[in-house]
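Pasting the structures in now, so scroll down.
There are two complexes below, and they share subunit A, which is joined by subunit B in the first and by subunit C in the second.
This part shows the complex of A and B:
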């Protein structure tokens, strides 16, 4: 019982927190993938941008909460500009080109941040301090806030995609952009706005996680691999699948680390992915024929 | 044979052999030339997959790194024969490549890219954290390999000639493959996999074969690397290195073999040149890549259409 409360429970909560944040990241990735057929290699850098934009805004306003609103908007604008300038000319080309283009963009973004802020590790102080007694243990307030905020966000995104016209248009574009174009929707604008939205989501995840993790130019590289695995596990282009897979990976990561050292955890996660792909080649909810 | 070894490639080979005779070729430039040709050859073997078969491998750094580690492990333990090292590297890389290609080639497109990526990450993580092989420091300060007992490949010049021989053999091999029936089937798979299957070809077997060839060539290249650098580190197989290999192929021009050699050499020289002036060379490389994708999708050699092959489908 002591083991359960003192060790297992906090780790489970850690896993949920991490899974929720990973879900935000993977969701943007999978929507962009469904829409443009591009596995966005620069997504991790947009996540990193969120944290650094947060540092910049906090430097000016001294407020984490202002940063939480402004930083994702800034990164969203960067995303929109990037989409129009570089991805739009590639719409009709092989998906390979998008993959390679975003790889190049990731290099540029990472280096830009390293030039502006330097390569050192940085920290953002949690805006909420203290901890709360919970089920016989104490848990940091900020992590509770993180869990609440990401859950609310995930719910809001779900409502957006199911209940609003804009969300339905995006889903239609994922399904068949050409048909949507024929129905008189400006598909290019949908693409750009969706890319901006996915960039803002990644930035939000980056800033929300920054007080828990450290901020450094390579932070996106490590996150993006996990996000890729989540997207593959969930099934390419399946939003629900991505969220579920994010929680699976988040929980697996934190529970495994109770019994294994970090490299075993990493290998175990890769192992899960390989096994799932062998047993269920399209992931949990993947559809047949999506970009194969 | 005359088609394989045209007078032009013979001329290039002669120039490469004569290169160290130039007065300004210091030790430093010889090592730079080594890198340029080595990565050129690796990009060429990757081109078999990307350019000819349409399979984007994001895990070639693992083949390269495994080759380098195989040699470094043997050299560190006093087994210095080049041939034993190369044989061991081929065995290790071959076994790993068989596993990877068996699972990866069952999937197409983006799944193939990501599966190779994840397999490579497993290898990277393994070496990064295994203290027997030096952990994150890798294996440092290995002795040079010996061509024959007593004849060590220990100078930049001998290393350079080793890589010239490797490049020449690899080029001939690749050229033979792509001009053969085998190569035509690969292009058919790239153009329309289902149709190739309906014509009766066992598509997966062809894919596994080309993966193995490409991986082995890359692994042999990796096996030559510790001779030049005296180390093998996990950073050699970071997934961003795999990305750089793809960049080299793209710069040179997909499906041209000669193009990626130039692309690899260009990339190495660009990195060297830019990094000697500024410390933000990754930005320059990223921008070059973006520029190439946007404005020169067929790469440096892409202006000419290679005889007998349609260019990579730039538009659909």
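This part shows the complex of A and C:
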């Protein structure tokens, strides 16, 4: 019982907290993959933009909560401009062009932040402090909030995609953009808004995790690798798959840390990915034909 | 006639100025280098190292300098990484011509610098880094240190922890030269005294979230959590341990330099009761420390800390240069050996000839309301250990956990 409460339960909670936040990041990535057919290498930098935009907004308003609304909107606008100015001209070309472009954008975004804010680590103080006694253990309130907020957001996104006309249009665009165009939907507008929404989601994840992980220009690079693994495991382009894979990775990372140094857990995570790709190349819920 | 008088006066003044000015501006200069972390995870230590050097140099220059030379300090940032430390050390020695190099902060950088100071025969003082290789396998004749290394610290801390805090200890360390060295030496010292190390884990330098390690710590159920971290890593770690209720669950102890006094106020609550070894505290009533703190505070308007070591290092070098009568590195190195000076931050200190380590009394402190208050004084001779120049400190060591039932 002691082991369960003092050891296992906190680790499970760590896993859920991290998995939920990772899910937010990976969800945007998988939607963009479905739309553009390429991995957006700049997605990690949009996550980083969220944290830095948060710092800027907090600097002006002194409020984390205002930043939580405004920062994703700002990054969403950056996402929309980026899509129109750089990605749109490449849609009719090979996916490799998009891949190289987003890789270049990641470098540009990272250096831009370094020029504006410098390379030093910055802190965003958690807006909720203190800890809560929970089943005999103590857990930080902000991390509990993180779990709750991320779960609510994931649920809201699921409702958006399944219950709203706009969500169904995006899913249709992911599946067959040409058919949608033929039905009279302005697909270019759908692409732009979806890219902006995905950027805002990444920014939201960046700002939510900033009080835990701190803020620095490389922060996106460290997270994006895990997000890629999540998208591959979940099934390229599968939104539900990404969410499930995010929780699997979060929990695996956390539980493996009990038996091996967390520094080496990444090896185990890659091991899981290799096994899944060998046994089921399309991932948990991927469409047939993708990566097969 | 009046115009002629004025003209003559002007010429006379110009003559006097032209004759005396060179004498003032051409006082001979000797340069010394200050190398360390000026930004990033160890920023605080690097900045205070610079301040300690500045204070000593100002005092010495005000009294005529060293052998008639005014000291000029050149400071460089090594980015807390060995490769820039090598580049900057080469620059300071070859381009600027420094006769003394003080640094670095990170043990990895200091070890890298030692190759450069050995190659270019430059007197090298370390007053912050503590990996055990510096006075063993990497030791060279131009290297000196007044920072208690991992072995000294472990010898000083282990007995107190066993006697007063608990028998079962978990060692958590920053996974690079300094932390590994501290963890190794502390495990060795503790096990030698009959203590039990129930777990050991390392986290990379500059880790942002330590919570993945907490499960393993809780699983081991120690009495004491021994922490070998420094700088902003320590700040984050303590904040996170506290938010998970672990600062109340375990007794906590840590290495010298775990946190600067200046940082303690900000996390006074998580740090309450923390035991650490330190070679300076502004709250230590020792008259030598108080005298140094007064000087430091007068100049910089903050309490002194690790800066005391860099300050003393400059005075040791000055005494050695004056004893040698010149700046020749071989002669200055020889003059250092066995040298004692009286007015350091902890009174009289001497350099041990065999491994160039200053035999230094240290204090154990307990943090109370954000202040490092002394709880015990450790005689330098008891903690320094026998000289192990050229011997591998890893020989016979194992990370294996020997659990007792």
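Assume the second predicted complex is superposed on the first by the 287 of 292 C-alpha atoms of A that agree within 3 Å, B and C clash if a C-alpha of one lies under 4 Å from a C-alpha of the other, contacts with A are read in each partner's own complex, and residues count from 1 in each chain.
Criterion: a residue touches a chain if its C-beta (ideal position, glycine included) is under 8 Å from a C-beta of that chain, and two chains touch if they have at least 3 such contacts.
Not measured: the values here are computed from a predicted model.
Visitor: Counting only touches as set out at the top, which of subunit B and subunit C does A:262 meet: first, second, both, neither?
Guide: Both partners, subunit B and subunit C.
Visitor: In the superposed model, which partner reaches more residues of subunit A, subunit B or subunit C?
Guide: Looking at subunit B versus subunit C, the one contacting more residues of subunit A is B.
Visitor: Applying the document's definition of touch, where does A:221 land relative to subunit B and subunit C: first, second, both, or neither?
Guide: After superposing on A, A:221 lies in contact with subunit B but is clear of subunit C.
Visitor: Once chain A of both complexes is superposed, is A:178 in touch with subunit B (first), subunit C (second), both, or neither?
Guide: Neither partner.
Visitor: Once the structures are superposed on A, label A:93 by its partner contacts, choosing first (subunit B), second (subunit C), both or neither.
Guide: A:93 sits against subunit B, while subunit C stays out of touch.
Visitor: Just checking: does A:138 make contact with subunit B only, subunit C only, both, or neither of them? Give me first, second, both or neither.
Guide: In the superposition, A:138 touches subunit C alone.
Visitor: Just which bits of subunit A does subunit B share with subunit C as contact spots?
Guide: 261-263
Visitor: Applying the document's contact rule, which stretches of subunit A touch subunit B when the two form their complex?
Guide: Residue positions touching the partner: 33, 39, 41, 86, 89-90, 92-97, 99-101, 103-108, 110-112, 114-115, 221, 225, 228-229, 232, 236, 261-263, 266-267, 270-271, 273-274, 277-278, 281, 291-292.
Visitor: In the complex, go through subunit C and note every residue touching subunit A.
Guide: Within the complex, subunit C contacts subunit A at residues 39-41, 175, 201-204, 206, 208-209, 211-216, 218-219, 221, 232, 236, 240, 243-246.
Visitor: Under the touch definition given earlier, write down the residues of subunit B that touch subunit A in their complex.
Guide: It comes out as residues 50, 56, 103, 106-111, 113-115, 117-119, 121-122, 125-126, 128-130, 239-240, 243, 246-247, 250, 280, 282-283, 285-290, 293-294, 297, 312-316.
Visitor: Report the residues of subunit A in contact with subunit C in the complex, numbered from low to high.
Guide: Interface residues on subunit A, with respect to subunit C: 3, 6-8, 10-11, 14, 120-121, 130-131, 133, 137-140, 142, 212-214, 253-254, 257-258, 261-263, 265.
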